[in-house]
Amino acid sequence: MQALLDVYKIRQDFPILSRKLFDGKNLVYLDNAATTQKPKEVIDAISRYYSEYNANIHRAVYQIAEEATEEYEKTREKIRKFINARHSEEIIFTRNTTESINLVAYAWGGSNVKKGNKIILTEYEHHSNLVPWQVLGRTKGAKLNYLQVDNEGYISLEELDKIISITGEGKTKLITLSEMSNVLGTIFPVKELIKLAHDKKIPVLLDGAQSVPHMPTDVQDTDCDFLAFSAHKMLGPTGVGVLYVKKEILEKMNPFISGGDMIKEVHKENTIFNEIPYKFEGGTPNIADVIGFGAAIDYLNEIGMKNVREHEVKMTEYLMSKLTEIKSIKIYGPKRSEDRGGLVSFNIEGIHPHDCATILNDFGVAIRSGHHCAQVLMEKLDIVASSRASLYIYNTKEEIDILIDALNHARRIFKT
Amino acid sequence: MQALLDVYKIRQDFPILSRKLFDGKNLVYLDNAATTQKPKEVIDAISRYYSEYNANIHRAVYQIAEEATEEYEKTREKIRKFINARHSEEIIFTRNTTESINLVAYAWGGSNVKKGNKIILTEYEHHSNLVPWQVLGRTKGAKLNYLQVDNEGYISLEELDKIISITGEGKTKLITLSEMSNVLGTIFPVKELIKLAHDKKIPVLLDGAQSVPHMPTDVQDTDCDFLAFSAHKMLGPTGVGVLYVKKEILEKMNPFISGGDMIKEVHKENTIFNEIPYKFEGGTPNIADVIGFGAAIDYLNEIGMKNVREHEVKMTEYLMSKLTEIKSIKIYGPKRSEDRGGLVSFNIEGIHPHDCATILNDFGVAIRSGHHCAQVLMEKLDIVASSRASLYIYNTKEEIDILIDALNHARRIFKT
Amino acid sequence: MSEDIYREMILDHYRNPRNKGKIEEPDIRINDSNPLCGDEISIDLKVENDVIKDIKFDGRGCAISQASASMLTEMVSNKPLTTIKDLTKDDILENIGLTNLGPARIKCALLSLKVLKLGMVKYYVDKDPSSADEMKDQSKVY
Amino acid sequence: MSEDIYREMILDHYRNPRNKGKIEEPDIRINDSNPLCGDEISIDLKVENDVIKDIKFDGRGCAISQASASMLTEMVSNKPLTTIKDLTKDDILENIGLTNLGPARIKCALLSLKVLKLGMVKYYVDKDPSSADEMKDQSKVY
């Protein structure tokens, strides 16, 4: 493991970073919280699968099917190690974070959440960790309780404690929250929260869509019960998500998607389901992309997640310091860089984020503008939208300088 | 469109077909009903996406995101055309056939199937079109009625009519069946059945996993209400399925996977869902593979689905005639080749299908052995397993000859 | 290039929107939002003998959506209600001088037209519920 | 190569399985199937003083799963029940002479061991329910 990551060397592994845009500009990709770019190792792993051993897995006995099964299951083991889970059966492949959370809402929530129960979440949740619970709540007659978020994105454990107490013993069935806000960038120290929840026998789901890609993850250390994240936000292909569930819980969980592969015996009137994790992977999986995700994990391990985090902290500090110099800019989220992931949301007075993003595009700069799938938080912040620049391992200070130039250009156009 | 397909030219487009197996043998891939191989056009489309315009779609305003959105939506339109749907909003992207059917079971079934209702299906359904209905039936207190399948895989419309009548008016909520059996190969003439069903106001779901890849499809002609199929069984990548739903039905359907992208407005207590089809595509979709699927559709259109079907009929006739020559072989499914798709299931007395497949692997021959995810049918046929050889556009007579040699070798080993 | 998009006219309508606000007791009140970005537009109309006597819009959003709404109110004010039916996507884009917007931003430019068409449909269907089927697809703009 | 797999011994056990059938009033009766292929094995045991006095298997499946079951019954017959605990995957594969099976076929070869271990676990847990936790993972073979 190298001491610090060599961003210029890393950049050479990403074909898209040498692409020229419409007018010959380089791509300055600062929308990594939406999805990251892919190194050639990942792209090649997918091509290699299709060119050399594409076959349906688990059941066939011929050579390429056995090769495919082996590579697919290897990725499961890689992920187990990456998040330090105890057992590889605790790793379920889904399409994305959203499906992972829906799986929990349908399969676990469906039989564990009853009328009059509560689910606690925060005001900064991404729609993917909010709407499924709203839908479940409506179906079951259960209520959602939102933990307040202050302007920097902090939530209070005292408030949590109070909500649980008021709700009454045994009524709160789940606490679900994002380990890192995709708008404010706030990293929540979940360990303490999980301890508090477990003391009251409440399981905790972590939406790790933003945290797992950017810092070391250890599910045994945090002791979370569920963890959801997406491959495409961590160098992996689109179409693969992960749901980690503690074995004790998973073994008792009903299936979600039913059909081929997740069964042991099917009769006209009843079905015996397969063992975990297969019970939760109905139908032909996204074999190629799971294998591609394995290559992404290898790539990240090679760099080291501590180095990823270190690079982002350094870059975020630079980004924050440069943004702060812009006149009439408002920056959201924590001030302390240790408390934030590698993303910064902001608004420049008089320039709507969409207009800002359109102007930035002229400079080849790709940022996100909008509500970032967090409308409840937007309402709380009393804004419709914000601009968001989000970083990853291949971003440089030079790119941040181009962003700043572009923002100043936008200010000139809008005469602010 | 060429008159007949040039299989030797086609084979050059599939990199895997020139791969050498462990002992220098060529791959004789005859497991196309499980998944098909991919032409370089598809593999390249995926690589190109990741190398040139990988970005999250629908929301961002920068150049590569607009390119990605456009390509993604182009595939939707290609599929609309491919199955001759009226509107592109009737096309929903899922992970596979299994998820497509589960989507209907959860979202449509969840609010349309009530206690005491019936769902009619056939004895030859794949687990993916059986278990979801069993689960739904159990949740709702609804019953499944199985249409009997005779030894060649035919079902009787009179029996269907009778079951519906006995059940009582308005009680049968859905008829669901595979347009082509993945074990027997029987192609069911669904048009008449759908007419009968519609006369009684019963919607029909077609599991098109085996039919759509192998013959022309026209949803306006068959007038089916739901159609499910998988990209990976028709030259496309793993991780993409399609669900077609008639617009009138889709507009009234509850969502399934909820989260980002499928919403219009989210508030703490309620959510307004997005328009169709987006309402049914929660979370970051499998962008790369949907685009890859577009390339597969282009490839199939280039060949022409009529030619695909013609090639398979010819090849199946050859395969059947050769298999029939083998001593003590039992072949399942229809005798008439017009009634069957390009697959043949069989058993050789005294050789279990698994052992058969293992021996065939020595010859580079990849076939499937087992219950083919159709255990109810296996019970009916009173067998545990069968061998299945299934064909596609790149298969040749020479490959069938190798299969036959290998089968005879198996007979020698087992001294049958 | 964005200099072509953010011309003086757009910025002027954005900063000084025409017909912004509410109508008391409007004949038509309708609103919609763009799910992709959260932009919101509401439109109030006063209709007399099928002629648009007064129109006001309100909303939050980007320069393009707000300027486009402002210009749209000027386009249809004092015109027959049926004008709305005939207005196309291209009419709007030409009117605001933005014919080469990307697909994401086009939706910003067309949001107000969509809302206006929705309002018209609602108006006719309220008057004559049997026209619902016929009017169904009239609010489509992209 | 499959000639190495389908040697005379395997084919012999497949065609003439030893200890095939049922035991009347067995002390242990257990069955399981392989979800991947549908192979089924059931095993009956007669136990006296923790020694396997009689063992019979029944089932449907491929040559490997059936021959392996047949050989397994010979391996453990008249041995202490605890022998089962110590039996590993490799013991079985070596005994049947198939050390280089692919992952899919390995499950065929090990199905009978899995069933036997399940039976043993059940036997002990029935006797002493408090041992359930301790025995939990004893039936794992692959």
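When the chains are written out, they are named A, B, C and D in that same order, and each has its own residue count from 1.
To be clear about the criterion, a contact is a pair of C-beta atoms (placed from the backbone, for glycine too) under 8 Å apart; a residue touches a chain by one contact, two chains touch by 3 or more.
Everything numeric here is computed off the predicted structure, so don't read it as measured data.
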Labels of chains that are neighbours to chain C and to chain D: A, B
Centre distance in Å when chain A and chain D are each reduced to the mean of their C-alpha atoms: 44
Distance from the mean Cα position of chain C to that of chain A, given in whole angstrom: 37
Chain centre separation in whole Å, for chain B relative to chain A (CA means): 31
Residue list for chain C, restricted to those that touch at least two other chains: 36-37, 105
Set of chain B residues in contact with two or more other chains: 59-61, 63, 65, 263, 265, 354, 358, 361, 369-370, 375
Full enumeration of touching chain pairs: A-B, A-C, A-D, B-C, B-D
Partner chain A, residues of chain B touching it in the complex: 15-16, 19, 21-22, 27, 31, 34-35, 37-38, 40, 42-43, 46-47, 50-56, 59-65, 95-99, 101-102, 106, 123, 126-132, 134-135, 144, 146, 230, 232, 237-241, 255-263, 265-271, 282-289, 354, 357-358, 360-361, 365-370, 373, 375-376, 379
Chain D - residues contacting chain A, complex: 33, 35-37, 102-105
Touching residues on chain D, where the partner in the complex is chain B: 1-3, 5-6, 11, 36-40, 60-64, 105, 108
For the chain B and chain D complex, residues of the former touching the latter: 352-355, 358-359, 361-362, 369-371, 375, 378, 384-385, 413-415
Chain C partner contacts - residues on chain B that touch it in the complex: 58-61, 63, 65-66, 69-70, 263-265, 274-275, 278
